[in-house]
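Written out below as structure tokens is the structure these notes cover.
Labels run A, B, C and D following the written order; every chain starts at residue 1.
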């Protein structure tokens, strides 16, 4: 059976290596190229020795890729770099799934305000489809350019969208308190990510101004039609993988613990990658997998709805979700190549 | 110079060993006894080898302590056990600093509701002084029975009390999202605290029903006079020591980032153990010390006040604060024996 | 295609849950039963929530298993318990792969000396085949009872066997310095494995008397024919999964760095699960996989040969190797269901 | 009472900040200056916020220090940089304690071979005293230039020196297998020390060629008079602080467990910072303290002597030992300012 041909641009970071891990064993796909400007010429297993025996690919330059080689390209590039690629290659020759933040907004205003940089390919912003399958599956099916969601937004939106959509909560006074493992900050060494500075430590960062704030708000609004306002506070967890997000919101109608839980069970019943629980979830129960585990409840005493959701930031928060989007676009079974059972303990 | 004589009841847990660590070098105190029913007869350094060469004390039974031996007794006992000791020994013979939750409420109702057990020494509940020096220093000075605060409440109350007291926030819609290291759960092995189950993991627990909820509410109310309501969510951090608490509240008057920060700087200016920062604090910057580091800010966009505070749960959250209370009662300089500089990295 | 039917006895520990993780997606196998005396009646996903959606099996009692239900049984039981099962069920009705230490020695003497307990099924000791495929593949093929190797021995034997077999080193003066993650010590909470006591810690344990000492010696001797003597020192690493073993030995003929490396490359060239490297390996490069990564070199200055090898103790050190043995016995491709790429980062 | 005046050159790394932590509360010393070329002009607490309230010092340039300001200078500089300072300032104007490797050898040959760089101040190499007080206390007393020992060598030499000196072991076939926390590699971010690459990981590094190899050999030889040969293998532990070293050697006379233990108890009986144990020590029992905990035993079966020793690499392995040397030179009680009880848990 002929396979789909894909390429990965930016193969040296964590997202890139995770894409290779997933696609190496994907039954319907072959990896045609992986690129890295700094590591070109090496084998991908020289850069990521854990991949040895699973893949055997020489890293090339993004300049050497041939458009007709592939059906789909994953962009595992930093924010601000992806848009150059899209501007140059367009969306006709192959499908693009961009894992950066460059195409997550439909207009340049919010992007330029929160990312602090000019958008050089704004004409593609409207065309791009936000790649959260549980909310936008139909649009993804025919997308030529997918903006793969941010890790924090994935965990927050999957927890909040049902509540807003179904009129359970007031959409303008939502607290999102998130905690993320360090791979979410990328593979580049920095003082704040130096092992002795993270080990045994914990802190909040980017208060009031984290770029995922408008992403959470915009996508909830796009999906639900309600104008949404979120106060988002990220924290750095001393672990490698995993995000856990706790949200607090106020009901706008009479609710109960049961009605809140029931909402989530019914909404996500048929989703392969969302598991609803009666108890608060744990990061380790989704490690290495594409699951999002969710718990929701209602506190009568203070009249608040609380959700707790968790994902592996490199899987459902990045590479796993990107492959899920690819499967949808190619018309494959959505879980193909993504049935990894979480690694616990 | 004659020294004060103190005893420690319950020396085998983390709080007990931390008390020994602090008092071993305290210039004005001698440890007259440490007790443990399970370890009696051993030397304290057999149970806690890290204390070798610093102390040399044979563990006795609580049954063998002589009331006239000591000026003050620390109770490092589980909830529900301390009250037996207080009932038996009263508060006349020596001062008692209880590190459990048994005497933190002024009446039995809340205690029995949240702790799920009957209080057998309710007559002492009203007499007990809540030992948070920054708020109740004057009462502590003459206390015969101190209820040493819980770890989570210490971190939350120090962050919220100024805001409520000075009319900055609405006291009935407060979110407290806390994250604690594992020593907060005690030294007793349990599946949920087994190393492989915590390592690389993170989760919320005791949602809606954690016992520190009413403690935070009651003490804020006692101190500020405002009826207070708090939604408190604890999470388990994969580290040994440290709590970081993030709070969200709504202003009830016009505020700004500056006015919020200024409030904290002025309130805590003269406090030895509260450090106010312009940036969000980190757990590791207070490790092993008695400091509480606090940051507060205001988000104009969503009209919320956010605080982030951090303590070492075994120090300012337990043993350190107990020694601070002892110093106040004995009329010593408050920081005596507590000037440990945080261990970072 | 009819599948092989297998059962797992002892499903609540780490080894049991890892077997379920591996077998749930194995294309040629169905899990007929999992047993646990303490958890019977529950679903396996109540005990191990990370398995939700991957399996759906009600836990039964070992007393309820029917011999003709299965082709093969995995015993994920503690040492001293497996032998009861084997004594009762024998080896005629189904094949048994025992993950305990009960059948790793060919006679009871060494077992009883090092395990400190009487062997009640010694007649099966001789019949049992030591399940290290890289050394004993032919015998495994026709085994009815496989003694699955210990985790430390797997890492040590794969590193030392080529050197002894091919006359590179003196087999009687070997140092094996091993470091293991905490899952190697099992799922049962104990003070020494309590999170705060392991976090930030590191120590040696069971010096001179660890049970894996005679296992390493016996199997090296069985394989090479040389009488072997090993000084084995295990250490407890503050991580969940992974063993890294460093060995030191003295050449008994002229060797060089190149000749030592070349030996390993040639010996393991065709092995699916042994990867030989030019640089020292890292635990994280094999996490979650069945690989053993090996490096070997020679120090001219001190005339010593050094090897460094690493495995995931729950995979190649336990469940993964057990499934590898099962594949061999069933005549399947040896890597079936075991092609997990290591989870790094 | 007039205090001694000291300066710290290189205050931004881990060793520099640890020196400040120790000296801030030292009763007989005032810190006259701390220097950093990259951070000059800032307060030391801007760079190391955990020191806030404990010190208040503006960082200056090394170019601005005045020789007559201080009695003693600590050099917390990288290898290869310290020698420039010593060459420029000499040893007449003030005492120098150098924490780099620049003056640990008595002649340039070994230094230049293992450090791969030319020594530009070789005339001071012979004058320098190796600052391991337990072995060279008398020479330290009158030293003008102290070469503070490396972290690994401190742990290894304290364990091996008694055995060689007293003729217990053959000094030419010693295995030193060490494991160190990440602070030992310094504060500078690098890929190999990036949090996600160390977390959950473990590996050996610098095999056969680590610079501490000749330091261990030379100092053992200087102290014992025996020509010594050591095979040293360092490993990177996923913790912040702490080294644990396991050594293996062969007796050269009849020994027993008791005679080996007795040797260590008698040798170190009067040492304040060496604690001898009957059981293998743990890193966490010395965290944050200046202790070296040692255990030694003999394995009759394989005829080997094993030692296990542990230190905090920033304390007894660097800053703590430097302060201990300073105390000796100033004629103070050796433990002044160094009585920190280990932080456990």
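Following the convention adopted for this analysis, a contact is a pair of C-beta atoms (placed from the backbone, for glycine too) under 8 Å apart; a residue touches a chain by one contact, two chains touch by 3 or more.
Since the structure is predicted, the reported quantities are computational estimates derived from the model, not experimental observations.
Novice: Quote the value, from 0 to 180 degrees and to the nearest 5, of the angle by which the CA atoms of chain C must be rotated to coincide with those of chain D.
Specialist: The C-alpha superposition of chain C onto chain D needs 180 degrees.
Novice: So, comparing C-alpha centroids, which chain is the farthest one from chain D?
Specialist: So the farthest one, by centre of C-alpha atoms, is A.
Novice: Centroid from C-alpha atoms only, then distance chain A to chain B, rounded to Å. What do you get?
Specialist: Their C-alpha centroids are separated by 39 Å.
Novice: Averaging over Cα atoms per chain, report the distance between chain A and chain D in Å.
Specialist: Spacing between the chain centres: roughly 46 Å.
Novice: Centroid of chain B to centroid of chain D, CA atoms only: how many Å?
Specialist: Comparing mean C-alpha positions, chain D is 36 Å from chain B.
Novice: Please output the residue numbers of chain B that touch at least 2 other chains, ranges allowed.
Specialist: Answer for chain B, listing residues that touch two or more other chains: 14, 183, 187, 196-197, 199-200, 238-241, 282, 284, 287, 345.
Novice: Where on chain C does chain B make contact in their complex?
Specialist: Checking each residue of chain C against chain B gives 14, 181-183, 187-191, 193-200, 238-241.
Novice: Please give the residue numbers of chain C that touch chain D in the complex, ascending.
Specialist: Where chain C meets chain D, its residues are 173, 175, 177, 179, 196-197, 199-205, 207-208, 229-231, 233, 235, 237-242, 244, 246, 248, 280-284, 287, 297, 299, 301-302, 304, 306, 308, 310, 345.
Novice: Chain C touches which residues of chain A in the complex?
Specialist: 14, 17, 21, 24-25, 48-54, 183, 187, 199-200, 240-241, 272, 275, 277, 281-282, 284-289, 291, 314, 339, 341-345
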